[in-house]
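Notes to accompany the following structure.
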Amino acid sequence: MSSRFPASLCALGLMACLAGCHREARQDWSKPRADAVPAASPDTIFPGNGRAAPVTTAAAFYEHNAHAIARGQQLFATMNCSGCHSHGGGGMGPALIDDKWVYGGRIDQIAASIMEGRPNGMPSWQGKLTDQQMWQLAAYVRSLSGQVPKDAVSARADELSNTPPQTQTEREPLRPADSAQQ
Amino acid sequence: MTGRPSFVEDVSKLPTHAFSYRSLTWWGIIGFMVIEGSAFVLTIAAYFFLMSHEKQWAPPPWEPPNPVAGTLFTAVMLLSEIPNSMIKKAAEAYDVAAVRRLLPWIVAIGVLLFVLRGFEFNSLNVKWYDNAYGSIIWALLLLHTTHIATDWVDSAVLWRLMRTPHGEEPRRLVDTDENALYWRFVWLSWLPIYFLIYWVPRMFR
Amino acid sequence: MTAAEKAKAPPIDVPRDGPELTGAELQRRLARTWDSPPGLIGWLSSVDHKDVGRRYIVTALLFLALAGALAIVMRLQLARPGNDMVGAARYNEIFTMHGTTMMFLFAVPVMQGMQIYLTPLMVGTRSTAFPRLNAFSYWTYLAGGCLLWVAFILNIGPDVGWFAYPPLSGPQYGIGKRADIWAQMVTFTEIAALAAAVSLVATILKQRAPGMTLARMPLFVWATLVTSLMVIFSMPSVALASGMLLSDRLVGTQFYNPVERGDALLWQHLFWFFGHPEVYIIFLPATGFISEIVATFARRSVVHYPIVVLSLVATGILAFGLWVHHMFATGLPRVGYSFYTAASIAVSVPTGLQIFCWIATLWEGRPRLEVPLLYVIGFIFTFVIGGLTGVMIAAVPLDLQLHDTYFIVAHFHYVLIGGAVFPLLGAITYWFPKLTGRMMSEGLGKVGFWMIFLGFQLAFFPMHIAGLNGMPRRVYTYPAGMGLELPNMLSSIGSLVVALAVLLFVVNMVKSVLVGKKADPNPWNAPTLEWATACPPPRYNFAHIPMIDSRTPLWDQGKRMPVVHGLRVEDRELLLTSVLAAEPDVREPSAEPSLWPFIATLAVTVMFVCSIFSPWAVLFGAVPVTIALIAWFWPKSPVPDPEPTIS
Amino acid sequence: MNRRAAICVLLAAPLANCGGVQTALGGEGAEGANFVRLFTVFMIVCAAMYLIITVGLIVALRRRKSALTLDDRRHHETSPVLRPALAIWTALVVTGLAALTVASFLTDRSNAAVARDSRLTLTVTANQWWWDVEYHSPDASRTVHTANEIHLPVGVPAEVILKSNDVIHSLWIPNLAGKQDLIPGRVTDLQLVPRKAGQYRGQCAEFCGIQHSLMALDVTVESKADFQRWYQAQLQPAPPPAGSLEVAGYGYFTTRECSSCHNIGGTPASGQIAPDLTHFASRRSIAAGTLPMTQANVARWLADPQAQKPGNHMPNIGLSPDQVRALTAYLGTLK
């Protein structure tokens, strides 16, 4: 029976495998990956002054991984990020669902912002969260503006819906002024 | 079977088609109508289940849907029963010419209904992701739209088929008859949904 | 000639069966008419209910083997406290796959496979009502099963339990695509089950042999009718629930989000409104097997036939009023509980009556203790325990303790294995000659029966005690010192015995297919119509459509089988009879083999799988599906004659 | 207890565990005792029915002298005795089941009435995969916050209000009472009337994700005096650290990752999303019943929580052995 199994399903299965392994890997089970959050270099904060180094594969892992994004979503709620960023819509802190990034919109730049804190209220989370958690948060923050693969994010959280579903959000282009090339 | 059977009755004189419950496909259509009817009933049950948690329905600050497009849709739907009945009668009277003449009407009405349905989605005043009220309203409307779509495709294909020599065949008239029956199901099932989408959210504000 | 004239035209002169055309010549010509095309394409286009039924059964048994292997893995993990053979995440996937596969890919499909294979034979017709729909049903089922298992092998298998309660299966906590795959698999098997059920109902109501009034229908056919109607009424519920879950996960609807006016319990109501009837959808066909086996091996008709029929119908109706007993611990109003307790206890009355009728039939008859009857006896000894523990957990004060513990695991395995798998194994032994043309080995069959019967008790009885001793369900490990070591070790040993017994059954099947004794048309001297034709039956089932006047036609007819004649021989034609009295009514053509059901399944598969990732896939995917369906239904012959050849 | 002994015998004595910390046959609570009583009734009635059916089956199989079979061409007839037999059987089944329904109904009523005048109210909030426990008091300063343990005074009816922060869980303390689900968006409740002092164990009974298996809680039923003593102790803030090791642990805890999630009363550590650790060392187990409370286990947990309870929400922080030692020492002081 299996020999006559629809070939298209096989092909789809293979595709799902390639995407799926990456998307669904449960990273927390193992030791944290050796991927410290980099300090933000002036290049990445003030774009145009030079070329930022490409995003490392370890960092890229987080923004393609459903578990990392989901954990980030949970941390975003429990660490009270909404207090300032209000479900990504902005309040005291800048909005996160738009395409505007004050300190860069790449995952390593966002992680650096979380780690170091930024003037005007953004606290530093260094030592308060593990590096892994900061990567997870950064991955989730990127998902708010549709920057991560749609199949890895959840449509909504089990909370008040202040924004359209993340699986439906338009992918916001990164403004060239905000960061170096992807 | 061992040995020669004893031949009791000759069935070669029996007809090779029949309308209504004597036809095999009629039972198939009824089966699918029951399935889809159960789906509607359960969706409506879910609607009331969600509604029972609320003090007001539609829950403020959401406005109830604007009923203009929906009412127009309902009117067209009810009027469509006139050509539909005529088709059904013509099919049962083996009047192929009448069937061929009338089917385009149903197809055209279907197109009109799609346009109106588009306006309906636009007049709900709530998005499916806003809250469960919005979700269930959208679900009801979407579920019914799939029925409009399937029967519209069915009618269009039937129209095309009836214009071929196949149309002369009595069994195709049985098909036409059953298509008309299904259209009745589509508009009958719309009536409670229309009420639930447009009027219940007004009554409980 | 106008349509009206055509409608009244006298039958044209084509070859028909009858006194002039019978015997070998008729069989040769019918075989040609009803044959499937050769080759792979022909294999894929077959619409023969016997092919579809056999494929259903074989595939379902393969899924049984896969899910059974997972059960063994779980039992090995649980054999010792604090075991770390299987990790937490993997274990959750495994028990989800086990439950989902057993319920959706084994139990319901295998019963429907038996029904698809046997029903047309038992009612004396040549095909099911909608043969292409039937073929489509099988392919869709296969696609759904493959989706689930391919996902599991690729390590994206579902891990939310076979019941997939939100919020755990919802967008926030059901991480990745695992829950979507589960929900979409449900959609596949749903469509398959519904398609098969519609076809079966129409077959039973319209295609019974002349003279087979409702009151003369074999009990298995009654069970099939009731089950199929239950499928039709209950399956939309889970389709709706899983549709809502998918849309919550994909487009952010709020059906199950309590903060946005949704409710997580909505899922439970919808799921169990399907889930409880589901149990009877599995169990009632098994009672049908038992009624047939008991009659044959007691050598007399089942006593109190009307009581058995009424019991089937009553169970079918009551099954829809019990779903809340799965939700006693959710804190619903206490008043409602009493009603559901009473209803849940009441549903055991019809089953009690059926058991009485079977025992009374054995008492009235002269039972021959052959393998199928052994399984019936094993069924009564085992299932009754499951039924009685079912009465216990219908009581709210008991259920609140026992719910979601290993006591429940024991209960439903007694009901589903004792109540459905034992009869199924008996039924496979009983109808094996009809399925393959050969008899199963009696000796191996008896050894296998005793192994599975005793192994089962060893595996599952201790689970009652594990549950009472405080072991919840769905745990991958448990601490030592709570009195759980011994019951779990016994269960694990027992499960290995069961696995060996099933293996033995498979060995027996394979051996019998290859070198088993060739079977006569009626090796057991059984009374019902499926035994009136060869083993295995020819493509056209019956050379002449039989005519009957009792419930046990093969016991009551004389030497010569009474038949009707006059059906076309060169074209596929069926005899339709009236719904109640089964009087000959209409001759209708039956569908030719077609590749389109298979192609339609491919189109549906692409649509469903892609819609896990994007809602637009539903829209774009619908186009190829529509094209396939139009091609499927478009008549083939360009110039129809007054008696068309295709529907 | 005689009844319990009877059940133990019925259930194959060597297997049943009637003296365990987590057994439905314990009957140490009012509802638990009702369960034992009703279960006995059901067992007796069901065993009788089972006996009737199986004996009937054996008799039927061994009779083999009927004349109403195919061999005599009388296979459609039935003996006249079967009609009254069916009537008697039906009557028997219906009466038996009706009696059981009534018994169940009465027990349910008794359960509902059992704790109408509860004098102790506490809220249990389930999280993936631990229990947050809060004892209410009219005086807000006398509210006690703890985690993964419940203390109850013997004989005092307690109302447990049940909530969930994420998915559906179910609180099951079999020795005391049946289970009750904790459902997000809903508030349910459970009445506990402990009748016998002792140490019991409860567990989550609704599948709630990867660590459903390791989501237990310790239940201590004690005399009213002992309970008061415990309650008073819980009201106190954590003691200040004494030795240098403890001070180092305190320093790390209150300034680093730990305090983002955990609360320790009386210190700057005020995270609210993980178990309250104010009196951590007074508990019987770590991480919702995952490990017994010992110094070695605490150290093991701190060094690699993901190895002890894979998938739980506490990340591997990557502590050095010294940091582990300091934290273990400090946490050990939180009596």
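First chain written, first letter: the chains are A, B, C and D, and each begins at residue 1.
As a working rule, a residue touches a chain if its C-beta (ideal position, glycine included) is under 8 Å from a C-beta of that chain, and two chains touch if they have at least 3 such contacts.
Not measured: the values here are computed from a predicted model.
Between A-B and B-C, more C-beta contact pairs are found at B-C. Averaging Cα coordinates per chain places subunit A and subunit B 45 Å apart. Subunit B and subunit C have Cα centroids separated by 30 Å. Inter-chain centre distance (subunit C to subunit D, centres taken as mean C-alpha positions): 37 Å. Subunit A and subunit D have CA centres that are 39 Å apart. Annotation for subunit A: residues touching 2 or more other chains are 26, 29, 74, 155-156, 158, 161, 164-165, 168.
Residues of subunit C found to touch two or more other chains are 87, 89, 167, 173, 248, 251-252, 254, 257-260, 263.
Among the residues of subunit D, those in touch with two or more other chains are 166, 184, 310-311. Pairwise chain contacts in this structure: A-B, A-C, A-D, B-C, C-D. The touching residues of subunit C, when paired with subunit A in their complex, are 40, 43-44, 55, 58-59, 62, 87, 89, 142-143, 146-147, 150-151, 154-156, 167, 170-173, 175-178, 248-252, 254, 257-260, 601-602, 605-606, 609, 613-614.
The part of subunit D that touches subunit C in the complex is made up of residues 11-12, 14-17, 20-25, 31-32, 34-35, 38-39, 42, 46, 49-50, 53-54, 56-57, 59-61, 63-66, 68-71, 74-76, 78-79, 82, 85-86, 89-90, 93-94, 97, 100-101, 103-105, 107-108, 111-112, 128, 162, 166-168, 170, 172, 174, 177-181, 183-186, 188-189, 201, 203-214, 289, 310-311.
Against subunit B, in their complex, subunit A makes its touches with residues 155-156, 161, 164-165, 168.
Touching subunit C in their complex are the following residues of subunit B: 1-18, 21-25, 27-28, 31-32, 34-36, 38-39, 42-43, 46, 49-50, 53-54, 59, 93-96, 128-136, 138-139, 153, 157, 161, 165-173. Those residues of subunit B lying in contact with subunit A across their complex are 127, 129-131.
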